[in-house]
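Labels for the chains are A, B, C and D, by order of writing; each one numbers its residues from 1.
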Amino acid sequence: MLRLSVVNLLLVGILLLNLFMLGTSRIRALIHAAALQGVVLGAMPLLVGESSSWNGGLIAVATVVLKGRLIPQILRRALREAQIKREVEPLIGFVPTMLIGAAGTLLSIGFASGLPLAPEHRELLIVPAALSTVVTGFLLLTTRIKAITQVVGYLVLENGIFIFGLLLVEAMPFLVEVGVLLDLFVGIFVVSIIVHHINREFASLDTRLLSSLKE
Amino acid sequence: MLLVCLIALPILAAGLSAAFASERHRPLVLPVAAVAHLVLTLVAINASSSSVIGGWLALDPPGRLVLLLLSVLFALCAFYAVGYLRHRRELSNRVFVPCLLLFLSTTTLVTCSQHLGLMWVAVEASTLATAPLIYFNRTPRSIEATWKYLLVGSVGIALALLGSFFLAYASLGENSSLLFSDLFARAQHMSRSWLQAAFVLLVVGYGTKMGLAPMHTWKPDAYGEAPGVVGALLAGGLTNCAFLAIVRVFRICQAAGEGEYAAGLLVGFGLFSIAVAAVFMVGQRDFKRMLAYSSVEHMGLLVLGMGLGGSGIFASLLHMLNNGLTKVALFLSAANIHRAFDSKSIDDVRGAMRRVPLSGTIFLFGFFAITGSPPFGPFISEFLIVSRAFAADRYLVAGGVLLLLLVIFMGMGRTVMAMVQGTTSPAGERTSYHDGLLTGVPVALSLALVLLLGLHIPVPLENLLREAARFLETGP
Amino acid sequence: MTQGVTPLIHFVVLLVLPPLLLGVVNKTKAWFAGRKGPPLLQPYFDLVRLFRKEMVFSETTTWVFRSGPLVTLSGVVLAGALLPFGAFDAPVQFTGDLVLFASLMALGRFFTAAAALDTGSAFEGMGAAREVSFACLAEVALFTGFVVLVRFSGSLSLTPMLHAPMYLPLQGMSAAALFLVALAFFVVLLTESSRVPIDDPNTHLELTMIHEVMVLDHSGPLLGLVLYSAAIKMFLLSAAILHLALPFTLGVSPFDWFVFVAGVLAMAVGIGVVESSMARLRLRNVPSLLVASAVLCVIGFVLIL
Amino acid sequence: MIPSSLAIELASALCIAFSGAPGLLRRSGATGQAIATALNGAGSALGLAGLYLLARSGEPETALIGLLPVGRVSFALDALSALFLIPILVISALGSIYGSSYWRQREHPANGRGLRFWWGIMTASMMAVVLADDAVLFLVAWEVMALAAFFLICTEDEQPEVRRASWIYLVATHAGTLCLIAFFSLLGHAQGSFSLWPRLPDEAPSWLPTALFALGITGFGFKAGLIPLHVWLPGAHANAPSHVSALLSGVLLKVGIYGVVRVCGLLAAPPAWWGGVLIGLGVLSGVLGIALAMAQQDVKRLLAYSSIENIGIVVIGVGLASLGRSLGLAELVTLGLGGALFHVLSHSLMKPLLFLSAGSLLHATGTRQISALGGLARTMPKTFALFAVGALAICGLPPLNGFVSELLLFVGLLRAAVLDGASDWAWVALAAPALALIGALAAATFVKVMGIAFSGAARTQAAARAHDPGLGMLAPMFALASGCILIGLVPDIAIALLRGALATWGPRRTAATPSLEALVSLNWISAGGVLLIAGAVLIAAAFRRRLSQHPTVVTWDCGYAAPTPRMQYVDSSFSDTLVGLFHWVVRSRQTPVKLAGPFPVATRFQITVPDAALDHIVLPLLRGADRSLSRLRVLQRGPVQMYLLYVLFAVVALLLVAR
């Protein structure tokens, strides 16, 4: 019982992080929030899964290292190279995005309530948290101008999906988990390389410059 | 074990080519690897379905089909690529060549992975492997294209992952695994609402890779800026892998008794994609982007045929082959024309048939083929799809498709005619490009294959198709 | 009188009588104008004179110019063989001969117009243009009339078709229909034989002429042939209308012949009266007149539908 | 085992198909040209021999040769297909002979070889179309034919005008093909197989035949050039090489008619209104077609429009026949279909004749503008004589072949007014006056061409220097002309060819279909023709001395003694009155002439005749669609955020639907 409430508390924390990420205007803070989210996620499987196995532990460690250390590092490097103003530039203001995010959260809670859950998951906030995080990721992706903030958005999106993955700790085989993590890492890596090139080519990370290909 | 070799071989080749020092000889790895892969593929397809690693790797009938197509396409493109890279001495190919090979390996993995999660990993990997290919030209435009491709593609794939989780959750139960065979077996017991949500997410996710509207937006940019050979591989190979993924999930939905709903979704996506393609093909001045939209259109036809069921399934599988081969012919000849005029806008390109007779002619006939004119292959499959729509009493669908096909024909034709007909424009005089053996023969060969498929389908191939169709027709 | 002789008389009438009609018309017009006018037989004298003359050709002309009058004459004579005169059957009759009849007329027109253009003269070109243009509409009127007659008589051959009014009962409807047809045919007659109000045969201003201007360059026998065929054409159409105007037979052939000739001449007088009592229409009003006559026939057809 | 005459047909088709191939191999195509002509001629001869064999046996033949991915490669040769094979074979052979001197390899090194190659392919594919016994095979052959025609039309694609014409043709034919795809899908769905030209099962739903009729008439109408589906026709005919125009107009349109006839044959007793609709369409095409032709100043465009008119006449006949079938009146069937098919035959003689002579005219003077010619009757008398024959024939004037078919149709239409069985449909007899109008307008049109282009004095140097072409071009024209005269004087020859086709098409209810001879006495027609000529000759003989030797003067021009060629009447003023009557459809544009001051400067006056359907309906429509579509293009405006939003919307919307 206690464990469940702890998990739920963590999930609420994640929801708060989402709102924070939507609200903050500092890129660095954004990156840190995402990293924090990653760490929490990494820890969670140990709490959710009844039988904590070797693999589970391994995955947890890998996740924490990856999401909490490596990826933020990469992003920070990109940020440093870019030498851009440290502000997040939104297409629509922070407050509106936060409101939309909140609305998204409510919507996802409503949606989740309609989905039949296994008895052991009924009490958990997992599905709403996952969906609202996904929505948050989408919001970051669609309403932020700088390329790097979009990368963070993508990261958050992935986090949301990971949260949902908590429901399947048993079902998901080790290999797949590893593969997913690997893909995520390589993905972020390649993206940041492209970000690097963008910065070199356009001397800025403003995606508004990236709209010469159109009808 | 064969399958493992199939996947491992290109990786080894990639490593080898990366190790290669000389820019001139590195491309030669491609044809060697491709031919070897083709040979192995032929063996694997004829071999009785042997599953490896606890059934994670196996070739189901549609998988064989896609694998065959993939391997043939890659072989054609590999030879072409050697010739192509000779014309692009100014650019280094030490990323390009290995990535091509990685692309081959990852897509092969998609075709023979029987595990929901593994398949996702493979698709995502193929996305990452192709990104550097699109960025080959190193121009601002190509960066932009790559950026959009990566972002939209990865988001789509992420949704697919969510969908896979949903599906997994829907099938949650004692000793449940994510092998397609098990999912198929447990289909009846899945929870409907999870399944529906899962299917939506998976179709949107893999549909993004496939290029179904409205998730197609990355396509014109990527195909437009990537080298023609990459465009050919994406349009003919990668999209079909995504289609394969959707088909596998669709099969499970059918088994779960959600076939009605899923089919409806597919038909809707199909029609919408064709319509969107029609809108953007009219008055298109960039012929590579035009080809991209044509690819959107044909992805629409594929899912449409799948959704119509019955003989439509066979038709759509056949159309997958036809479209893939025709796209290769179109993209490669377009690339040659691009080389010859050093422009991909019809403002500069005139009289291609006089400037590069072979490529110009192939491009023209490729246009006739892709718009469903006999005696080329696509006519047969498109005719089957339409007549299936009539047979299923979906008269509005059939009529709509025919109307859209006319619009597309007009839009595409105006561009193509402007390119190939008339006297050569000054832009054509400046360059020194001429169709060579390596840049000409593979293109002609692919068109010849399309023609062959229109007149006669070899018996083994037909058996493969029928087998795959039967495999997919298993409704509730 | 035995059957064998009738065709003979038919051809004699066909070849001899037509010029007389022209004479009658001119006489009538003169009488109306209060003049004495040329003798009735003047047309014959003219023809004889023309046939004796030499011919002069424009240097631009070719065989078309020469063959025009020949084909025209041969055409109208052949057409004459298809048409029944009065109570008597035509020498030649077969299903659809009415089509041949009309086409022969058209053939003549085609050659006349071609011959006119062959001279390369602007005036003759103008005349040819008017001729063919108005003929198109006259053709329609003629055929619509035929449709009515076919419907009425149930036969597709001129002789039984035109004789039907003699035998079939004329109820109100069909009588009205036939009257309309007769009216329309009269307009066709005026057009085809280029009479007022469509055309004025003896104006002397080329710009206003239709038929006359086409034959400016014909001389001698060719001109004679042209005039002669025009007369025959006029005679044939009058004869056709006569079937609708006087649909009865006395049963005794000499009297019938007398009635026929008298009727045709009366028709000529009628034409004369029209010519001298009316002014020529302006050229661009002619089409509406012809269309109107076609419409009359359509109405007639609807009446007996 | 393939039956004999069918096998021969297929052999000849193959022979013709590859007649142009050898020429492709060698760079200097001079020998290739000879080979192509020889093979083409040989193939045609072979084919005609096969038809003769078929006529001897009289049994329809079928053969299954192989399988396509869908459908079968199976052919059937019955009287109807045989009838349509005749013009294909004849015109193709004559055309290639003509072409070998009209389109010499030496003078056209760039496109000569391609032209001959596609010529062979097109002929063979047309044969395949009329022989096909399977829907898919039919479609394949049909489309190959269409594409071959496209390549023939854009032979000189360096000229923008040619490119435009060929493009419009391509779109039109593709639209037609799509209709046919729908048509054959429905047909196959209705009868469960793709075997062709079945009698539809009676239990078919009532809407099905209607749908099939609509689709079929539209699809085949595009090819046949029925108004308003004729949009591609004038441009294509005008801009193709002349012998190609001859092939298009003489044969390709007829293949469309073949389809229409087959469609009407789908039901044993079609609804009566089919006939009505067809007759209406026919009258429309006929009258408007010839009205538009009348207004043209380009001789080849004029001929093209006149083809539309003739197709209209044919369709009137088909409609009458279909009406006869539904009313069970064998007489109407015989007369209608007989007239239609006879007209198909005779038009495929006279229209190629006209196009070929127009070709030699173009070859000699280098212009298609009627008003730029003149005086050719004396500079190229042989061509003029041949053209005159064609003109007389196409106006339906005795004693030539055009007259016979129109006579049959007239009789048929008039019979409809009197037959008891047709009392409700008596009004179709009003098509007879329309037919008369068509004939008269045609006469006016062709008098214009003869008179302005050939007669009078030469208006330009080119016309003055023109001369008759060589035997290579004259011989085919002569053959066609003699064909016209022969069939005109002795119609029985052609009737004999029709007999089989008519027998296959009679209505089921009545037992025996009466023969044409029983309904119309052909002897009188022959006699009439002979008498007519004899009469003219006799009269000529009477004045032969004065006709032969006579003084010549300048044309009488009302006392104006020095007429110049420029003063001659021109075509547009000639046709002004009639065009004025059709102002509601033929809207000719005139460039206004401004004359100012006592001594106005030289100015130009020009009349252009846009096509009624193409320039006033279709193109504006397409432009509008183009504009509205391009408005939607903002959806792809570049920012990747927008694209991601699309994905989000798609997911959310679908998830909400799914719940």
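Going forward, a contact is a pair of C-beta atoms (placed from the backbone, for glycine too) under 8 Å apart; a residue touches a chain by one contact, two chains touch by 3 or more.
Computed from a prediction, not measured in an experiment: that's the story for all the values here.
Following the contact convention of this document, no chain is adjacent to both chain C and chain D. On a Cα centroid basis, the chain most remote from chain B in this structure is C. Legend note: the chain whose CA centroid lies nearest the centroid of all displayed protein CA atoms is D.
The interface carrying the most C-beta pairs in contact is the one between chains C-D. One finds 44 Å separating the Cα centroids of chain B and chain D. We define each chain's centre as the mean of its Cα atoms; on that basis chain A and chain B are separated by 31 Å.
As a whole-number value, the distance joining the C-alpha centres of chain B and chain C reads 78 Å.
One inter-chain figure worth recording: chain A and chain C are separated by 100 Å, centre to centre, where each centre is the mean of the chain's CA atoms.
Each of the following residues of chain B touches two or more other chains: 147-148, 151, 155, 193, 197, 220, 280. Residue positions of chain A touching 2 or more other chains: 114, 138, 141, 150, 207, 210-213, 215. Residue positions 633, 636, 640, 642, 644, 655, 659 of chain D each touch two or more of the other chains. All chain pairs that touch, listed by label, are A-B, A-D, B-D, C-D. Chain A contributes residues 114-116, 118, 134, 138, 141, 147, 150, 154, 157-158, 160-161, 164-165, 167-168, 171-173, 175-176, 179-180, 182-183, 186-187, 190-191, 194, 197-198, 201-202, 207, 210-213, 215 to its touches with chain B in the complex. Listing the residues of chain C that touch chain D in their complex gives 54-60, 62, 64, 66-67, 70-71, 73-75, 77-78, 92, 94-97, 99-100, 102-104, 106-107, 109-110, 113-114, 116-126, 128-130, 132-133, 135-136, 139-140, 142-144, 146-147, 150-151, 154-156, 206, 216-217, 220-222, 225, 284, 287, 294, 297-298, 301, 305. Within the complex formed with chain B, the residues of chain D that make contact are 67-70, 136, 139-140, 142-144, 147, 154, 157-158, 160, 163, 166-167, 170-171, 174-175, 177-178, 181-182, 184-186, 188-189, 622, 625-626, 629-630, 632-633, 636, 640, 642-644, 646-647, 649-651, 654-655, 658-659.
Touching chain A in their complex are the following residues of chain B: 115, 117-118, 120-121, 124-125, 128, 131-132, 135, 140-141, 143-148, 150-151, 154-155, 158, 161-162, 165-166, 168-169, 172, 176-178, 191, 193-194, 197, 220-221, 224-225, 280. Of all residues in chain D, those touching chain A in their complex are 633-642, 644-645, 648, 655, 659.
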